[in-house]
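Worksheet: the structure to be examined is printed underneath.
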Amino acid sequence: DEPVVNTECRLTEFVGTTTLGDTIGLVIANVDPALHEAMGIDKKYRSIGIMGARTGAGPHIMAADEAVKATNTEVISIELPRDTKGGAGHGSLILFGAEDVSDAKRAVEVALNAVNEKFGDVYANDAGHIELQYTARASYACNKAFNAPLGKSFGLIVGAPAAIGVVIADTALKAANVEVLAYSSPSNGTSLSNESILAICGDSGAVRQAVLTAKEVGVKLLETMGGSAPSVTTPYI
Amino acid sequence: DEPVVNTECRLTEFVGTTTLGDTIGLVIANVDPALHEAMGIDKKYRSIGIMGARTGAGPHIMAADEAVKATNTEVISIELPRDTKGGAGHGSLILFGAEDVSDAKRAVEVALNAVNEKFGDVYANDAGHIELQYTARASYACNKAFNAPLGKSFGLIVGAPAAIGVVIADTALKAANVEVLAYSSPSNGTSLSNESILAICGDSGAVRQAVLTAKEVGVKLLETMGGSAPSVTTPYI
Amino acid sequence: DEPVVNTECRLTEFVGTTTLGDTIGLVIANVDPALHEAMGIDKKYRSIGIMGARTGAGPHIMAADEAVKATNTEVISIELPRDTKGGAGHGSLILFGAEDVSDAKRAVEVALNAVNEKFGDVYANDAGHIELQYTARASYACNKAFNAPLGKSFGLIVGAPAAIGVVIADTALKAANVEVLAYSSPSNGTSLSNESILAICGDSGAVRQAVLTAKEVGVKLLETMGGSAPSVTTPYI
């Protein structure tokens, strides 16, 4: 089914929602000074764009990466709640900063529109999920979340339960000559989620190859646990 | 439906339960010395009252606040597990200390009886929840949990997913002249829950106004995501 | 119903799965050097065995304890994600290290086969769970996870929601002369799970007595909340 996108709410703060991951996009034109200070936001950002989700963090970070590439905004913060309506992974709260409200709003719109694509290489069943992400040119969201070098190719390999993530991290690194940016596990670098996460960079062909080889092994293991694990939307890598 | 309250268990430690949030109230007349030490409880509290829940933290803290006002007990600790049976928020574990078991038991009884009311301004649907709390006179539970000044008016504004919480925190602060006590988000001040939480104090009329304005915006946004979001019980603010 | 055990996947990394807790067992014969370093594993372990689960930590740690007793392996790490498909407790990720892949694989096989038994004293209903574990002779997994003295009798008393865990920790300590190894609660020593956990050691008769007395009280309280709370498999203590 197509995710239901709702843009009918008339509040000025509302940008849009999608049922995919229970994602909502919002904007505040002039953040109240007391909140601005409590949130610790740089004074130059009068306006903030907000994208949050119950389910999904990788897809939303990659979508935010597209948004900062396309707009005059910066990524203020990326927070990963331990909430996926009972699933094994994260939810997300991503803030964009802008001097002008139209820029903040545009960033949220671009990000919301990109979420659908970035769920394309999330493969899920009742036992867990495998998530792959890939970009030929990382921008500020990937940099903030995973320390990805700007403008270089970047890839993400996620397995849940975490046991599968360990194996496909190994698979990815054996498949191509790429560099490890970060390896995260339930107690180290995740918000206690049941995932192992490998972030890699390098030559774009090698990164893509590593990600796709990990996918094949990961989906096979996940399907052994819980049966068919189709793409949540449509594969993009 | 009325929540089912069960008080039929004959164990001396049992005080009562309510299906609302899977809440249970218990008491230990003489805490075992080895446990007393392992828990790090002040020696003067021979007896402890215990209230715990799978779903709900704000309502339970506010209910505990009523209990310490009404009894000769103190709040020993408030812990917020990341458990709401798959929801976006917290569960809770609240301990009351007393020199006498009858005081500890009374505190738990008062708190259990207040939970129903304090769920009144929790509005929920499948996409998340909005929670508002308000008191004209904060006591020791609000003080312990949110640093609320004793005897002053206190309010709580919670939105889940956290993106909505950011917007209604802003709404609340613009609606009335109140003071920010704390702003929490998934990575800062929550137990990794998918909530943004604003705690405020000030003149009681202003606090109430801020809370009610935030409610209106929050429920509207939540209903845009997930349809009708009624009160869990009956609004009290 | 019997849990479904699947050993039909042909990937060399695959050892087996069980639907009990969504548990999977895997092995890597030669961990990729870059992953080896990113994971911070001792260089002497060329091979690792991996057991991970969505639901269950105590049963898996006890099962891993049997595995290290029976094989030439060591427990590298035990991580407890906050994931039980929406439940109150932990999932798990346990790594075994070995110089030889056949040892790593054997450890995972032994552990997977022991999981069924170790779920025997987990009693669950919709309101929460009570978990008891007992061994006459603790080994390296209990030592790593709970600081249990090697070769001594060890017991574990878990209650969820955490309120019940507090009471049955007290019950256990009053029932027999045992020593407290650790007391954990949502904010201290758990991964923010809604559990109170007491780890004890001492004379084996006393440990067993403490555990069984706690079980009786715990199951009674849990059943008061949520109705019948049967063993997940078959009691073993």
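Note that the chains take the letters A, B and C in the order they are written out, and that residue 1 is the start of every chain.
To be clear about the criterion, a residue touches a chain if its C-beta (ideal position, glycine included) is under 8 Å from a C-beta of that chain, and two chains touch if they have at least 3 such contacts.
Note that the structure is a prediction, hence the values are computed from the model and not measured.
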{"item": "Magnitude of the superposing rotation for chain A and chain B (Cα, nearest 5°)", "value": "120"}
{"item": "Classification of the chain A:chain C interface as same or different, half of numbers criterion", "value": "different"}
{"item": "Length of the line joining the C-alpha centres of chain A and chain C, rounded to whole Å", "value": "32"}
{"item": "Contacts with 2+ other chains: residues of chain A", "value": "82, 85-86, 191-192"}
{"item": "Chain B-touching residues of chain C, taken from the complex the two chains share", "value": "82, 85-88, 127-128, 160-164, 166-167, 169-170, 173-174, 179-180, 182-183, 185-188, 190-196, 198, 217, 220-221, 224-226"}
{"item": "Residue ranges of chain B touching chain C (in the complex, touch as defined)", "value": "6, 8-9, 11, 13-14, 17, 22, 24-26, 28, 31-32, 34-35, 37-39, 48, 50-54, 79-83, 85-86, 91, 93, 95, 191-192"}
